[in-house]
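Lettered A, B, C and D in written order, each chain numbered from 1.
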């Protein structure tokens, strides 16, 4: 409601959209654990627990990737002053795909545990993340072109840097997914390698003060 | 708590009700994914994943419908200044039906996957959504007549436009549900067609400035 | 953080406790639906869906009872200015019991669906709710006696009225639970009858302005 | 967004991080109940319900431990003025481990119900909590050394007291986990004993006004 007086008829304050999205992100990551079932046979529990390693790995990779998306969702909406019905709709579709990721994650884990269908599982997993990356790009391009939905004080270089990041994600995940057809393990490694790459600062962004916002700290 | 000084004894600020409702909406949409079980047999995973198409479809349709309801819940409570015990109760019943929708969605998906009981499933699904639409209408009519629960600055045309939208939902879902008895696929298509119809602007609303708030933007 | 300057060392602003509690209430009610499994056999889906009636009933009764507790939790914390470690602990135990209710609800539904163990199930269900009622009473009595944790402007009659309500819940649920040993259906009916009784205004409360806050509106 | 003008490029207001973390804590504790399955055989329901005692116990211990972590997470972020990318990342890893705890809890319960694999289960459970304690220590030490991320008004003794508490948790859980190899029940008892120890005031903290904030109240 804050500042809604400055908004024209079709526009809304993004505060509630962000809160709602945060909730979906938080629930999606926490539901990931429900996809891991405790070993039925507790007679050799240690073996049962260690044989679940693909589930733990899929859990960790998916959790950290969704965590990254959450951070990026905030970076995006920090620059947005108002949302219209189309942004509201596109964001709902984005949340729909994010809430789908626990399913893709469990498919991946099941394939690596059984040793069957690993190619299909990696491609399925990659496509789900590619859809997220695509929606980030679509929302950002729409908002950038519309301009009137953006905060007034934003820096053009800043906007470009964010756009480059989102396009990078699109290419990176696509490469990992394609590689998964040839070599499932390599595909997963490429997709998982996106996690450290994204948390570290990207060289080209350092020249602009506005872009500094995205840089990580130098470790202590 | 904000502004509670202006409220009489039996009335409460709707802020917490809205936050609580948002949480239930967010959890309900995110729980939808738990209704889709990964294929047990991973030997032909690609086939297993594609044969789940009714689940994906039910997931998408239900997610987007609940997303719409969330938007409409906000539109409604943007006009409400205070809630009394009856609104609190009716809203709890509304949330009860919304939290029920993941179950209805999984019944629909299971029927289309097995090919049996599709009529019953579509009618069951339709009735659940019809109950949501009915509760929106009941709450809105009660608040409109009571008047003292509304924001002071609201436009009468605006209130009527919202009421018309809620009545439209009631009729639309009823038609889809009834059609589902004769032809299950047609019934689902009609109910799903409610999604684009609701996100697009409705002609008759454009004449009033107050109504503009509900219009979608013209695509870029 | 707001107003924390007015709090002494061991005291904390209840805002975050309330937000956290709201989240647990919202998740608990929404998880209720996961306890209802779609019929496995879709060949006679209509029969399968109707035979789940005890699940629907347990779902509705438990949802509305938890919804009531949520309202009462807010009424309680509206009167509380600060929480100390003991209130924090007791509230955590309260939430622990509330998050347990979906399990008790599914035990109740399973017993009525199978026709076996209905006495045990009703008593189990009643004891869970009795524990909630007891914790409400303990927290409220502790806060009332401590006094320094209460808002300064509270009316003593108001505090007494809330205390009476909580004690009423304690007795009511105990009667329903005990009755469940003799006659399971009667026990459930008494516990469920608590829902309308609690949403309607209670006669004795009407004489004080402070108590009016809890009264429901007269229907239109 | 509040106060973001005072933050340098790489820093962010922790408000959203705290809200997001609260949601994950709330969902994690509430999901615990899904790990308890109602008895399949309702013919001797009373026996079925009582034989689930390890599940109830694991539920209660894990709920109260996560509740404690939630309180401690707040105590930590009350002292933090700004977060950088590393804190954001470490907090995401912390939440990842917390969301994992319902799984560890169900492994523990299953082992005690079957009587097999109790050693493995206790060690598994202990390691999960040890990871949480380690992450609390890492985040706190990083923030304390960085200093610029802390609130300006913080008391050095206060910071040390919090650090001591986090190190105590590290040692305590490690002892319980190691003991679990020799004697599973003793291991669980030591880990569970952390609950009252943590809610009660710690003697050495009472001398400083700043530390008083963590003290529990004297019972009425």
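The rule we apply is simple: a contact is a pair of C-beta atoms (placed from the backbone, for glycine too) under 8 Å apart; a residue touches a chain by one contact, two chains touch by 3 or more.
The structure displayed is predicted, hence computed values, not measured ones.
K.L.:
Going by average Cα coordinates, which chain is farthest removed from chain A?
P.N.:
C
K.L.:
From the C-alpha centre of chain B to that of chain D, how far is it in Å?
P.N.:
37
K.L.:
Calculate how many whole Å lie between the centre of chain C and the centre of chain D, each centre taken as the average of the chain's C-alpha atoms.
P.N.:
The separation of the two C-alpha centroids amounts to 26 Å.
K.L.:
Hey, what residues on chain B touch two or more of the other chains?
P.N.:
Residues 23, 27, 31, 34.
K.L.:
Does the chain-touch network form a line, ring, star, complete graph or other?
P.N.:
Graph shape here is a ring: one loop, exactly two partners per chain.
K.L.:
Pull out all the chain pairs that touch, please.
P.N.:
A-B, A-D, B-C, C-D
K.L.:
Sort out for me which residues of chain C touch chain D in the complex.
P.N.:
Listed in rising order, the residues are 1, 8-10, 16, 19-20, 23-24, 27-28, 31, 34-35, 84-86, 88-89, 92-93, 95-96, 99-100, 102-103, 106-107, 110-111, 114, 116-117, 120-121, 124, 142, 145-146.
K.L.:
Would you tell me which residues of chain D are touching chain C in their complex?
P.N.:
22-23, 25-27, 29-34, 36, 38-39, 42-46, 48-49, 59-60, 63-64, 67, 70-71, 74, 78, 199, 201, 209, 212-213, 215-217, 219-220
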